[in-house]
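Each of the next two complexes has subunit A plus one more chain, namely subunit B in the first and subunit C in the second.
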Partner chain A sequence: MDLTLKVWRQKDKNSPGQMVTYPVKGISPDMSFLEMMDVLNEDLLRKGEDPIAFDHDCREGICGMCSLYINGRPHGPERGTTTCQLHMRHFKDGDTITIEPWRAAAFPVHKDLVVDRSAFERIQQAGGYISVNTGGVPDANAIPIPKSIADKAFDAATCIGCGACVAACKNASAMLFVSAKVSQLAMLPQGKAERKTRVENMVAQMDIEGFGACSNTGACAAECPVGISMENINMLRSEYLYAKATSENI
Partner chain B sequence: MNWFTKTFSSTVGRKIVMSVTGLFLCSFLVVHLIGNLQLFRNDGGEAFNIYSDFMAHNGIIRFMEIILVLGFLFHIYDALVLTRRNKAARPVSYANSHPEENSTWASRNMGLLGTVILVFLIVHLWNFFVPARFGGLEAVPDKDYDNLYSEIVLAFKNPIYVAIYVISMIALAYHLIHGFQSAFQTLGLDHKKYTPFIQKFGVAFSILICLGFASIPLYFFFFV
Partner chain C sequence: MILDSKIPEGALAEKWDKHKFNVKLVNPANKRKYDIIVVGTGLAGASAAASFGELGYNVKAFCFQDSPRRAHSIAAQGGINAAKNYQNDGDSIFRLFYDTIKGGDYRAREANVYRLAQVSVDIIDQCVAQGVPFAREYGGLLANRSFGGAQVSRTFYARGQTGQQLLLGAYSALNRQIAYGKVKMYPRTEMLDLVMVDGKARGIVVRNLITGKIESHSAHAVVLATGGYGNVFYLSTNAMGSNATAAWRAYKKGALFANPCYTQIHPTCIPVSGDYQSKLTLMSESLRNDGRVWVPKTKETAEKLRRGEIKINDIAEQDRDYYLERKYPAFGNLVPRDVASRNAKLVCDEGRGVGASGLAVFLDFADAIRREGQPAIAAKYGNLFDMYEKITDENPYEQPMRIYPAVHYTMGGLWVDYNLMTNIPGLYAAGEANFSDHGANRLGASALMQGLADGYFVLPYTIGDYLAKMPYDKVAVDHPAFKEAEQNVIDINNRLLSIQGNRTVDDFHKALGHIMWEYCGMARNAEGLQFAKQEIRKLRDEFWRDVKVVGVNEELNITLEKANRVADFLELGELMVEDALHRNESCGGHFREEYQTPENEALRDDENFAYVAAWEFTGVGNDPVLHKEELKFENVKLTQRSYK
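And now, the complex of A and B:
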């Protein structure tokens, strides 16, 4: 496959960036999108040019490091897929592909396609944890959890924190991410102790980071590579209202 | 800031204000449409004129009018604050973006639709509310109430007004199709038992209410 790539190039945080066009030749349809980028980078290195910086780690779709806004969609055109799991067979020979970084004030561009997602870490640090020591292994039947709740909590826990929800949202809102982290713990007995403070602090941190508000467009859930549901956002809202009305924090 | 103002100036809290005021304004639409249906009575506007005289002078209605104005003001103010914030959250936009692949047009353009509705609201108040409420109408001969009906007949002979009204009702329908069900989500009211019903009801509500309102200028233009 021969392709034309239009890629966002930006030297560093403070430099202005621009779209640069690169031709790539001889791409196998069995390659992943990132392998295609590797081919381009090897070509750039051979020519003595600066390779394109992009985030990646496990390349198995579970770590949440890869990103890329491909042809106007986070993680590209396939649903339920991370960029590393997106294969070139979904493109046609001769296609022009635009590749941009996530765009959000809270995710400043480090270099080229790499954005700083530490805003997510700070939201997690504001309350996305349980502060009890794990201790010994409890008896399996000591803490009964209904199957439906266990399933929902597990589904929320599959969030890999990649930021596609922010990238897809017209408001660059982080509600899907934050809600997955909030509801996952709020539903389980171990998370109940810090339930109210958690949602209050995480929402406050989300606002401090400069993410937008949620308009319920559903773009986040539609683009989420692991299928986090909008139900979590609605759960966050009732958690938030309940916490604000009843918590001890003035 | 105390906990109350903190709650309602967060992004989640402001959306709750949008949601509650939005649903309140929906209830106003129902009352307004039911009242206006009297325009279709074949009595030369007598029932409608008595009704509009009551609406312009009754004390309880006066009080509700203040609540209604506050509902509009909070809805518009929070919309402005949130829109500014949302724009600031993405200072650099995408060179190539395909939001139509993941969301509906109406859900992404609530601000635009709302602006159309606001412009309509100003025109509409100027046409009928201001003269009915603050004077400027002729009284019905031998009666102690004003003739708002004749004002409506006159206004809707003008095709420009008819077009403005009908287009605005289309904008309102799209605003409500997203807004009605979205308001329930924003309040965290989401359950597989009743959410599908709310969504279907919201679409039916939006279309029927706006068809009802749009039929008034069309009726007067073509049949009166």
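And now, the complex of A and C:
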């Protein structure tokens, strides 16, 4: 099929960007969206033009590297799907497709469709861990964890850190991302010891990074490619309230 | 050069404990005087960097992705082996050791593999303490499942996302050290050269992938945990960015590269659907527990099916060939990966393959669905069936999956001794980047085990032994050795940018992948390998004459990044062919058609080839020099693997 792509091009962080239109021809419906982008990039290269920079790596939907805001939706029109797992059969011959980077003040553009998500890293560094050193830990079966809790913790732990939740939110809030880690570790007995400081520190860092406030629209969970649920945000709120009400850090 | 594997004396079961006692220690106050560089942040790199930081060393960690959490360990599906014997089914450290040695077709070092089995139990404890949500039974204890090549259930798992959960565990430990300031993290930074001073590894040269800036970093020791080289085939289950550049440039500085021809071709992947294909997706080995593999009995039926003249259901039961069940009645569809892959190729070569290209076989769940019902099958494999449908637009509940083998893992890598140190003092290699534990074939759920064993439990001991003997003095990055390496990197980049030819980097990469897959893939022979060697040389010459790299160095330049990686693959490919050509036997993932039993099984030659082939660089286009490390088997008896 033949398509028209409108793609955000931006030379670097400090240059202004603009939408540029590219026709692409002979796209197979079995191609993935990123393979379609590869085809366009090969064409651009042969013409001696700069190919479009976009983030991607595993192309299996698990590394969280790919992004792309496609026709106004993070990771495109299919629910529960990363851009790398989106296939062209979900588009029609003659379609015009708009492709933009994640849009959030906390995710500045490096180039074209590549954004800087290091704010997520700093939030994780603020407390997204259990403080154990290598070695000297108890036997893995020493603490039984009910299956239902292990399963729920797992559901939260599947966050791939792609940033679609931030891109989907009108306030560019990172609440879903932060809540996934907070609730995973708050649910597990191993994570209880640092339960209060973790949520306090991670939320404080989230605010420092300039993410917006959460107004509970649920756009984040609706667009999350791995189905992280709004329940985690509820849990984050109650964890935060509990921590602040009993905090030793005031 | 004499290869000293430095395997400790004494009984197999006591070597590691004795060695840990004998290694020199660095006292806590002195650890902060040493700097360690870790390149790569997958399971091996992240766990090593975090553990070094906890011990008190100053660590610099590097990855080319935008976050350490993106490393391709994240995509591992099935699980991680450990000799916990929680199931009371007769597992033990010795049994895990034995299965791994045998699974590797007797081409790995006994002492390394035994240590791997020993520390496997500690890995599970460590991961649970970090909050890794492994699968659990209703009683709250950890669940296990079984995997290929073993008769016990020793595989720990987190649904089909075990690699993700383990990596996020190691990543969280790494983050904690970054927050403490013990690890400085450099994402979007790619290592392009190794720096040696007085014969020791003392640093690296990197390129900042955002600004293009070439920078040097100095340290007392360098750890490469940069993964495997499966992308030499262009199409593989590796991530798009997975590359061999760090390891390769270390090879060109004198590190030996061991067993490069040992590559693992995984039997159950989604087949190629067109020229535009950028990567291949694995369907977990666990599917072969319930799926039956078949192709039409005759070439004529297969042709009709491919032309669309008949439908799958028009093929009567007696016209189907369940070839694995027919040839290997004892193991059936659960033969090891190398055997299953080779047989799929065999039936496709006979013209009996299915799908538009004829390069696929069926994996059929109809019997299992009839037997257990669709909900039971969905509960076991739902996420895999969904992924298959997403990619192929075919519903595997209604028609069989089409699968074909794909390059998945490389057992070869940088040669290391028992301490995981290469032959260059101060240069270590861990995880898939080294050659050490899997011999000629890796068993399922063992890659995660090895990555974490190396990073959490081996390197933290062995690197201290080396550092304890090192002076504290740092080498400044304006030392001539750093300047020379920087200039080398700048020269390569300038050369790539100045060619301005007609063919794209991907074009060359695809051409190389084609040669490798045809002549150095699932089945190899001397004639084909000789031909491949010439073809690769020709292709490499053409690359340096006619490649087209646009833009400049001082920017985010995706073409320049790729060009560097493909330039190295074009040299590595030749070494793989060289190794495959010299190894006149078949073993594990290396199948030479000249060396097979009358039943088409791999024929090993223990008399002449029970050694590690470690290759020394002598210049691009020159034949490398072979060094042999004899493998001594004192605790297992070498036997022919049979699955009939």
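As a working rule, the second predicted complex is superposed on the first by the 243 of 250 C-alpha atoms of A that agree within 3 Å, B and C clash if a C-alpha of one lies under 4 Å from a C-alpha of the other, contacts with A are read in each partner's own complex, and residues count from 1 in each chain.
Criterion: contacts are C-beta pairs under 8 Å (C-beta built on N, C-alpha and C of every residue); 3 or more make two chains touch, one makes a residue touch a chain.
This one's a predicted model, so the numbers in the text were calculated from it and none came from an experiment.
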Partner chain in contact with A:Val182 - subunit B first, subunit C second, else both or neither: neither
Touched partner set for A:Ala119, first subunit B, second subunit C, both or neither: neither
Touching partner for A:Asp30 - first (subunit B), second (subunit C), both, neither: second
First, second, both or neither for A:Cys165, with subunit B first and subunit C second: neither
Partner chain(s) touched by A:Val7 [first = subunit B, second = subunit C, both, neither]: neither
Subunit B versus subunit C as contact partner of A:Met202, first or second or both or neither: neither
First (subunit B), second (subunit C), both or neither touched by A:Tyr69: first
Partner chain(s) touched by A:Ile130 [first = subunit B, second = subunit C, both, neither]: second
Partner subunit B, residues of subunit A touching it in the complex: 6, 8, 19, 69, 71-73, 77, 98, 100, 103-106, 168, 170-173, 203-204, 206-207, 210-219, 222-223, 230-231, 233-241, 244, 249-250
Interface residues, subunit C side, partner subunit A - complex: 47, 50-51, 54, 65-67, 69-70, 72, 74-75, 84, 86, 122, 124-142, 158-159, 161, 164-165, 168, 171-173, 175-176, 178-179, 185, 187, 210, 239-241, 273-274, 276-279, 281-282, 387, 390-393, 456-457, 460, 504, 506-507, 548, 550-551, 555-556, 558-559
Of subunit A, residues touching subunit C in the complex: 11-12, 28-32, 34-35, 38-39, 42, 45-46, 48-51, 53, 55-65, 81, 85, 87, 89, 110-111, 114, 116-118, 120-121, 124-126, 128-135, 137-141, 143-147, 150-151, 153-154, 157-158, 160-161, 184-185, 188, 190-191
Subunit B - residues contacting subunit A, complex: 2-3, 7, 10-16, 82, 85-86, 88-99, 101-104, 107-108, 110, 178, 182, 185-190
